[in-house]
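You will see two complexes here that share subunit A, one where it goes with subunit B and one where it goes with subunit C.
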Partner chain A sequence: MKILEVKNVEKIYGTGETAVKALRRVNFSAKQGEFIALVGQSGSGKSTLLNLIGGLDIPSKGEIYIRDHNVAALKKKELTIFRRRNIGFVFQNYSLMPVMNVYDNVALPVTFDRGRRVDHQYIEDILKELGLWKKRTKYPAELSGGEQQRVAIARALANKPAILLADEPTGNLDSVTTQDVMGLLKASGEKYHQTILMVTHNEALAQSCDRVLCMKDGQLSGEEGTLS
Partner chain B sequence: MKAAVKLAFQNVTYYKKQTFAIFLGIVLSIALLTGIGSLVYSGERSSLEKDRQVYGDWHYYLYASDEQGKMIREYGEDREGDLQEIGVMEKKSVEEEPYKLTFLYGDTQYLAMLGQEIEEGRYPKSREEVALDTYTITNLGLDAELGEAVELNGKVYTLCGILKNQWSADVGEMRVFVSKNFPGEGIPKCYYLKFDEERKLYPQADRFIKELHISAEHMRTNSALVEYLGGGNMQLFFSILKTGFSLPEGRLTYILASMKENFHLQEKGILLGLGLFCVFIIYSVFHISVLKRISQYGILQTLGISQSQIFQVLSAELFGILILGYPLGCLLGNSTAKVLYSKFDKVFVREDTGTMQNGVHVGNTEAFKVNASFESGDFYVSRYAICFGGVLLVILLLAVCLKIAGRIYRLTVMQMLKKEIKNRGRSRKIHSIHSSRLTGVLTRKFMLFGRGTFISILCSLALGGCIFLCCSYVTVNTQIHNELSFKTDDGLGSEYQVFEESDNLAYMIPKKTAEEIAMIPGIAAAYPVSYYLGEIPLEKNQVLWDKYCAELADDPGWKPDPMVMEKYNGRCLRDESGNYRMKCNIYGYDDGMLEELKDYLLEGHYDPKSLLEDNAVILKTWMDGQGNYGGLDLKPGDTLTVKVPESPDVPDTVLRFLEEDSWYEKKEFTIAAIVSRPMGKNDQLIGDDGTSDLGLIMTNAQMEENFGIVGYNRICIQKEKQASGEDVGRALAQKIKDIPKCMLQDYTGAIETQNAYLQQKMYFFYGISLLILVISMFHIMNSMQYLVLSRRHEFGILRAMGITDSGFYKMMLREGILYGIFASLLMLAVYLTAKQVLLYLMVHVYRYLQPTGSVSPGIIAGVIGVNLLVSTAAVILPSREIVKGNIIQEINE
Partner chain C sequence: MNETAAVILCCAVCLGLVWYYREKSKRQYRQIECMLDEILNERPVSQSDLEEGEIAELSHKARRIQEKLNLEVQSARKEKEQVKSLISNMSHQLKTPLSNVMMYQEILESSSLEEEQRKKFLEKLKTQSEKIDWILQSLFKMVNLENGVIRVQPEEKNIKATLSRALSGVYEKAQRRNIKITTEEFPDSTLYHDPRWTAEVLGNLLENAVKYTDPGGRIVVRLVPYELYSKLEIIDNGRGIAKEELSCIFQRFYRSNDVRNLEGSGIGLYLSRLILEKEKGYLTVESEYGRGSCFQVFLQNCKN
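Up next, the complex of A and B:
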């Protein structure tokens, strides 16, 4: 089942002579449960594409469909609500709330939906699965980089999103932790049938994904291959 | 140092916005400090000029023989630098009948010093000529025409000059100015001295006394001027402290009151308070500016900068801006103050005109009358405030730089680079288990994350409101005090007073005249007061303040009034057994006045009917210099025996209360109530300053029943609002013309003037609190902006996680409201504490009457509303910047 479709997406920063085309006519789609790696050199437009899909930015042209909703056409408030219900983010710098402990960081996005009850059993399951249960009262600053990234993954999963967008999630981690995090992402994707789109510089990691999309100068230059 | 200055210069020019914020903070704060300083200083100068008009432009006077007078003149010639003017007054004679008239000669300098210049005609040259002031002319019922024949004491004189009315403390005295060759009774001449005001007066007076071998006791001081110009010295400072600490109670009050009188504590306190406020604002703005670029200092530390070098950079930066901002602040503050002063000049002039050394006091009404006619002087720039502010700021801001430098140095380089400057113990509580609204938790956590900033914002928010409430509290009570003082001074704050200017009890205003006065068109009410003099015997254990009176104190520096001693055998006497005999003024009031007297009630209760039925009295008790009333062990229900002359028409010696018992009769009364002040006071016998003399008050009917007093000593008269003051005054003068020794005093307009001043004062102080609020707001906005924008990363995460804009605004609004609530709680807590301190100062240092007023709940609610409004606005404004920003950029901050 097609869960994501990107159609002729363009992104231009600035205007006139200073205009920079960050993305040019990007087209691709993703199925439910697919784990896609997005690779390319710095400045090739990977993160820009990820941000557009995540609704953190608006495309200059084109359409992005997630579960048949055109993200680019949604109003700001609708987009925000759509994002928190359907998309999970994992950032390279973890982006955890420093003033909250692990448990509250994970539960935070759920509480934005008024009237929605926090599924504590589910959060407990995730934290246990990610090996964080014993550290649930710790604060981000008290955790290692790998642990913080696991918290970020747990938080991304808390809302049971359809798509998980990960922007270089292992960029700040050592190789052992990187493997752990990759394993977790894969396992989570399989367990919850989530589509994962991961930006990475690491070719080896990319090769372990279902599909690899290669970007160059703001365009998808082709698919390097799939494992499954 | 050169490198530090260079770096500071680069910082200042690069971070323009932050530099401007600090600059603005400095300019506004300095403007407030120096502006208010100049206003207070100008007010002091104006008060001095006013006192000069009231008490005369002289510093000391003494009675001296002709030989001593010659020496004084020689001293003046030799020591021109010290003694600048000498005025001579010679009392030629004092006539007691039919009016108390003083015939005197005054030279030109004396007349100028006392402000009694000739307004019309000329000064008398021959023995047959006299000059009179308008007060005397009015009370003698003359037409005030030059050349008019004036019959005084059986002799006819020609009125050759009319003098300007004297703002004299002893305004009840009628003075007849005569020529130099007018026959005299050999009374020593009185020399009025004026020293160089550019220098402190005490050393000059000290030199004068020592060189001429004059006893200091003979020198009478114009304390209103000398207090201001004398110059408190360190000796006096330590003496006040020593005396204060040696007191069994009321040490602090004594020290505060003495410092206020001798060292201008109030004015200096205002400057110090404002100086500290300025430092707080500048520190806060500068500190935030440093925090914003703390990572720069991290880089500098990696390059090896030392703590002293950080201090040098910070001080060079701050003082560089201060050097530019200080003059501009002074200019802005003083220009604004000058404009304000031209609009509200009298707000800063003291209302109390002090007490003369000779014991004669100008009551409040008289003081307000002076205010009404007094043209306040020019605006003066206070060099003291500018210098004091400068020195205070330099010292405290150096300390601020040292503190910030120390704080920066204690942080690790990584902390600075990552801007991680907070490190606190954390709660392990999982909030999401108990609350489904984590944004509320976040709000609280964000607020309390930087406790220093949190507290400083709360303080800033609370400060403006708190000052406003304190001002309101003092204003409300000042209004009450003024109204009550007015009443106690004149009886019901009356526009006119008709009174017997005589120390003979037999002189009275007939009952019929009082009734006729009440019927004069334009008169709203006339309150007659009857009077009698008495003596109360008290047991030794009933007098708790056994050194309260000069007669009891046994202090060589404080001698009893010789006139009172001679005519009345003193106010208080202690016999061999240790028991006391106290003179007391006995007043009879009508029902209206008794009702008004309830404002001064300390203990007990009464009503005119029960006073009459029970033949009970109201006791006017003693008050000490600190506003306490516990000098006598007497309470409602106790009985008192009063000894009075057997009739008002007795020889003067009977009033010494030493004659045979047949001259007196004794009456016993029960005390129904105790009050703090009397009304319609009598100053003609033992005197009544309203505080330190005992009094018994009853109904006029009781006065008649007990003592046979049927006439009145004084009538307090109120006119109808629309009635012409001049017409009423003329009718009153006409009505009392034939009553021996009866005088009229006209206070028309004084009450309105006083209320207008109070209102002006209130507006002004509200304005100042508003200004402080504005400066605080500048600080609040600056701090809030930093606080909100420093959380840009966290807000970016929240937005990425799916918080809507409205949800975000709600969260921020909650934070703003919480700030408002906390600030209001802090404000109320500080206000309630400050209220107690103010109450203490009002009662004990300023001796306010009945400071029972409080700020209305509406005003408190209004101030809380302003707090909420300011705090939410301060949070919402920078929040808009966050919402407008790009989420990705915010996350990557």
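Up next, the complex of A and C:
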């Protein structure tokens, strides 16, 4: 089932002579449960694309459908709610709340939604799955980089999002922890039927995904390893 | 007089509030009922899920339930297709050795053969029967694993014992092909795995390495421990895998065109991945065409 569809998306920053075309006619779609790697050089538009899909920015042209909603056409208020319920973000620099412990950090996005019960059993499940249950009362500063990133992944999963967007999730980690984080991303994606879109510089990491999308000068230049 | 008026006003306000909340809960009830009807009738949920509040949240969950139902229906359909292709593949896989068996049998039936030749054909007949047996066995394993008849029961067990079990299975074959298998020194470690099935995985990978490496080649086995996972690498300098085939080789019954003439069922790697999935591990491959492959088995160090 198609969960994400990007149709003829363009993004232009600035106007007139200073206009920069960050994305040009980008088309692709993702099925539920797919793990897709987005590779390309710096400035090729990977992060721009990720921000558009995540609803953090609005495309200049084109449509982005997630779960049959056209993200590009939503009002600002709707977009916030949509993002909260459907999209999980994992950033390179973890972005955890330093004053909250691991458990509260993970439960945080759920508490933002009014009229929503916090599913403690589910949070316990993901914390156990990611090997963080014993550290649930620790604060981010007391954790290693790999552990902090695991907390960030748990937090992204807490809302049961349709799509998990990861912007260089292993960029700050050494190669040993990178393997760990990748393994967990894969395992949790499979367990919770999550579609994962990951931006990465690391060729070897990209290889272990279901599909690799290659970006060049704001365009998708090629696709490898398409799983049938 | 004033008091009476105040009391009456109070009552009116209260009644008004009661009426308002009753109407509100009635409306909410109708909305929920409408949503449930839509799920039952497989129509898209019309209630918006992009607003604040309880109903929108419920609408969001209703949509998720619909998605899940759809997904399950689809996967059931896919499964049906797979069973069909399984049957056609199976008959295809068995056809060649079976027709060989029949041919040898016919030859053997003609009495004009000398004792020497007779022995030769009997030997060939035996190899082909063994091949059929082997294919059927891997099929059984696969079907049983998929259906959950065979349970993979991972425990914290020593990996060295499992590895040596797998190594002893291919040692003779490797020697016959003059391929050297070296295991790099590694510390004793307990990993979360089922020794019997993990030995099967490692055996499969080692057997592949031996099969697809030319005589005189070498195979290196080593273990690299990480924080959560440990990586077991099986590196060969054999024929390697073309880049565009890397993601296909784990599919059921996939056989590269390059190795059509070599024996194999296209089940081994699929089976391996299935087993590792059940152990919460995973399998990746790096390869350079013509220069060799490196299969990496990831197993969890411990469970918390």
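Convention: the second predicted complex is superposed on the first by the 225 of 228 C-alpha atoms of A that agree within 3 Å, B and C clash if a C-alpha of one lies under 4 Å from a C-alpha of the other, contacts with A are read in each partner's own complex, and residues count from 1 in each chain.
Heads up, the rule we're going with is that a contact is a pair of C-beta atoms (placed from the backbone, for glycine too) under 8 Å apart; a residue touches a chain by one contact, two chains touch by 3 or more.
Because the structure is predicted, anything quoted here is derived from the model rather than measured.
Judged by the touch definition given at the top, the superposed model places A:P109 against subunit B, while subunit C stays out of reach.
Within the superposed three-chain model, A:Q179 lies in touch with subunit C and out of touch with subunit B [touch as defined at top]. Judged by the touch definition given at the top, the superposed model places A:R83 against subunit B, while subunit C stays out of reach.
In the overlay built on the shared chain, the residue A:Q32 is in contact with subunit C alone; subunit B does not reach it. Using the contact criterion defined above for the overlaid structures, shared-chain residue A:K128 touches subunit C, although it does not reach subunit B. With both structures placed on the common chain, the touch criterion links A:P98 to subunit B but leaves subunit C unconnected. Of the two partner chains, neither subunit B nor subunit C is touched by A:R24.
Of the two partner chains placed around the shared chain by superposition, subunit C is the only one that A:H193 touches, whereas subunit B remains out of contact.
On subunit A, the surface patch touched by subunit B in one complex and by subunit C in the other comprises residues 81, 85, 116. Against subunit B, the residues of subunit A that register as touching in their complex are 47, 51, 54, 56-57, 76-77, 80-81, 83-85, 89, 91, 93, 95-101, 103-104, 107-112, 116-118, 120, 136-137, 139, 155, 159.
Interface of subunit C with subunit A (complex): residues 44, 49-54, 56-57, 60, 63-64, 67, 70-71, 74, 226-229, 231, 243-244, 246-247, 251, 277, 280, 282, 284, 286, 298, 304. On the subunit A side of its complex with subunit C, the touching residues are 1, 32, 67-69, 74, 78, 81-82, 85, 113-116, 128, 131, 133-134, 146, 160, 176-177, 179-180, 183-184, 186-187, 190, 193, 204, 207-208, 210, 224-228.
Listing the residues of subunit B that touch subunit A in their complex gives 426, 428-433, 436-439, 441-442, 445-446, 449, 793-794, 796-807, 886-888, 891-892.
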